[in-house]
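Both complexes shown next keep chain A, but they swap its partner, so chain B is in the first and chain C is in the second.
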Partner chain A sequence: MGYTLDFSVVWHAMPALLWGCVGTLGLALAGMTLAMVIGVVGVAARDSKAVWLRAIVIGFVEIVRNTPFLVQIFFLFFALPLIGLKLNPTATAIIALGVNGGAYAIEIIRGGVQSIHKGQVEAGYALGLHKGQVFRFIVLKPALRAIYPSLTGQFIMLTLTSSICSAVSAYELTSVAQRIESDTFRSFEVYFSVTFLYLAISWLLMLGFAVISHRFFSYPTR
Partner chain B sequence: MTPHFGLPEFGFLLRGLQWTVLLTLVAFAGGCTAGLAVALLRTCGHKGVEWITRIYIGIFQGTPLLLQLFVVYYGLALTGLKLDAFVAVAIGFTVNASAFLGEIWRGAIQAVPRGQTEAAMALGLHYSSRMRDIVLPQAIRISLPATIGYLVQLIKGTSLAAIVGFIELARAGQIVSNQTFQPLLVFGVVGAMYFILCWPLSWWGSRMEARLALASQR
Partner chain C sequence: MQDQILIEMQGVQKWYGGYQAIRDVNLTVRKGEKIVLCGPSGSGKSTLIRCINRLEAIQQGSIVVNGHRLDDSIKAIDVVRQDVGMVFQSFNLFPHMTVLQNCMLAPIRARRIGKIEAEATARRYLERVRIGDQAEKYPAQLSGGQQQRVAIARALCMQPKVMLFDEPTSALDPEMVKEVLDTMIGLANDGMTMICVTHEMGFARQVADRVIFMAEGQIIEEGAPEAFFRNPQHARTRQFLGEILAHH
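Right, the complex of A and B next:
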């Protein structure tokens, strides 16, 4: 008893924690990029004519979405070296985040592609737009607009999920926090403060995404 | 001499699975109760109260579950209470569930057509009867797919209790993996156990979602 909270350790560790934030954002960004690649390739494979290819994609999506990320990252941590990929923890974490996010991206992007009605494209041609214009204004922009909220939401989810990568000691905010905790034994103070750093990150991301959405995806009013 | 992955190890994983299920059930039950309160406060019509619950939900949605667990776990330790690890993590997941279920049900309550509330008011029903007999029964129907979706999230989320040292399925997997040096087999089995738990729920949820979407088209 008689424990007094001491947040000064957090204040002293702030530079390291801010670098941890940068690490977290980098991890999330790299993971999301990989997720988008998997997403686009996955959607193409998901709607291909080859039944086995479709089955693989469906199986991949179901397995990833119905198992915990922690188990996925442990599995990859041991599986990747077996296929000759001897990677450091951070690279492993990026692959795990990409694989996990990719399964969700497949569903999101597929929804966007399906939201474009064939009649819209035909209407575009009927109005005399050429192929590039039809793709840009009738397919791409509305599809992006349709999936933008879920995709950016997914990005924030991925950023928060990346905290689990501390379990394989990848370089990011939570593992920095764990190191400071084991140096100072101020568990509560450190984790409490780091929680609010995460909150700041996700609020800044939300704000940024809202600005981008307003700038690029709002319907012209004039 | 290292043991191979055999029946005793499998039995150990099954006991871990039991704790995962128990932890999920306790947190879900607690989360449903507290979540209902959050949802009702979030839609009560009082500006200040709605704002506070909104921030409460926002904090849980905007921070990692792992960190929430750390804060509750170490925060409870600071209070001087000697709590069992199970109780501590169960409290952590319950608080998280209250925020997420509260937000899901907030949406469902607001999705019930306003005319229903207005008609109930016109009939002279007071708040508790209006909610219990008119709004909530319809809201529950609307919210069911998302609620099941959250239940799957919760089952997967309980794996994070492994990081604070509570022995549930994921932690049991780590222990067996360290003993047998067969990580791929062990984590494959652990993953399969989670999948068997989650997949039927996911399937049920998406089927119900499709049915509700069809019903609302008519």
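Right, the complex of A and C next:
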């Protein structure tokens, strides 16, 4: 074969790759935030009395979860400008990740809400709280605690999925890697290193999730 | 004013699908009255008190609480729930909040009372149920009896006119029943209007003004405790009393 490994290429490109990591983390955190908002609001709407609202949420979840992410982001990036909605690649990526992650978050959080004993809700009503207050103050936190491992797992997935945003040339690790690779033709070295950078990003996020869990969800249960 | 009517139920009927849970119940509760509801399981006694704060909707009849008629309007339900406190069999404390936070949530969010005042009220009622030293703990760190006393304090923090107790000692280990009953007796002695679904007949004898016996969704008989226990009028009541008193 005669291919000799040369990691000096990666070494020289490391600042660019690290900035790519920052881009990936930025997209991921913004996407998670949006996904979380969509998830919580979606769960509240999913169990609303209004049939049309429930239908919208169910339809949204069905469409997003049963279509490819790449198609979703292409739709946002190429199709929406035709009806006058022009978004830059970063905004497109954040919205695509948030909407996609949000659909999964709705299903996961809903499972958590359903795991809450109905007596908790009744106690809230009996104390004179409204439906929205019961959800916000009584149901939400124990529900999130119950599904925290699945939700954070989904958020790691969301982070790794952000690599697909390179398809609309959003600024993140994979697109940076593609550029370096096409400049240097050092595919093996570049993607080998990028693999480990993604691993490091995942571990960093998992550490962050553990800190949040310790801070907010460490109340004792029996 | 001992004669003031706090709860007036007239011709109340409730169905779960084809099953009739409450059959034509009429019940009047005056201010300061203590009522014990008993009956076999499935007799509708829990359902009946859950209708009073609209945890269950009724299909026919009327319920008026402290002058407010319960209908489907959110406003009526709100007003009534602020006047009616409830204690559940399974405590239903909020696990993610400390004891103090459990007691402050509803006064702050539903009554819109300031934080400082809510905390003062909460601490006062926690002292009253003799659990003031546990205010910073979480529910899971307390015994069942302590949790139920917190639940009583939490309900009292809303300063209700009536307290409903839905089998408050049924989920407790035997050695913890007394501490909860003592708290309830203290509350009764302070003049609280109470409706208690319970099989604690000693409690009924000691504090009840009236004991009501229900079966198959109907009120079968009611009377002052002495007469009720010594001389029950209906065969169904005698059979029930025979069954539960045999165990005590």
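Note that in this section the second predicted complex is superposed on the first by the 186 of 222 C-alpha atoms of A that agree within 3 Å, B and C clash if a C-alpha of one lies under 4 Å from a C-alpha of the other, contacts with A are read in each partner's own complex, and residues count from 1 in each chain.
Convention: a residue touches a chain if its C-beta (ideal position, glycine included) is under 8 Å from a C-beta of that chain, and two chains touch if they have at least 3 such contacts.
Because the structure is a prediction, the values reported are computed rather than measured.
By the touch criterion defined above, A:141 lies against chain C but remains apart from chain B after alignment on the C-alpha atoms of chain A. In the overlay built on the shared chain, the residue A:122 is in contact with chain C alone; chain B does not reach it.
Contacts of A:99 after superposition: neither chain B nor chain C is touched.
Touch criterion met: A:133 reaches chain C, while chain B stays clear of it. Of the two partner chains placed around the shared chain by superposition, neither chain B nor chain C is touched by A:170.
Contact with chain B, but none with chain C, is seen for A:199 once the two complexes are overlaid on the shared chain. When chain A is checked against chain B and against chain C, the one touching more of its residues turns out to be B. Contacts of A:187 after superposition on the shared chain: chain B is touched, whereas chain C is not.
No residue of chain A lies at the contact with chain B in one complex and also at the contact with chain C in the other. Contact residues of chain C toward chain A in the complex are 53-55, 74, 78, 81-82, 84-86, 88, 90, 92-96, 105-106, 109-111, 138, 140-141, 151, 154-155, 158.
Residues 1, 3, 62-63, 65-72, 74-75, 77-79, 82, 156, 160-164, 166-167, 174, 187-188, 191-192, 194-196, 198-199, 202-203, 206 of chain A are the ones that touch chain B when the two sit in their complex.
If you check the complex, the residues on chain A that touch chain C are 117, 119-120, 122-130, 133, 137-138, 141-142, 145, 219-222. The touching residues of chain B, counted against chain A in their complex, run 59, 61-68, 70-71, 74-75, 77-78, 80, 152, 156-157, 159-160, 162-163, 170, 173-174, 177, 183-184, 187-188, 190-191, 194-195, 198-199, 202.
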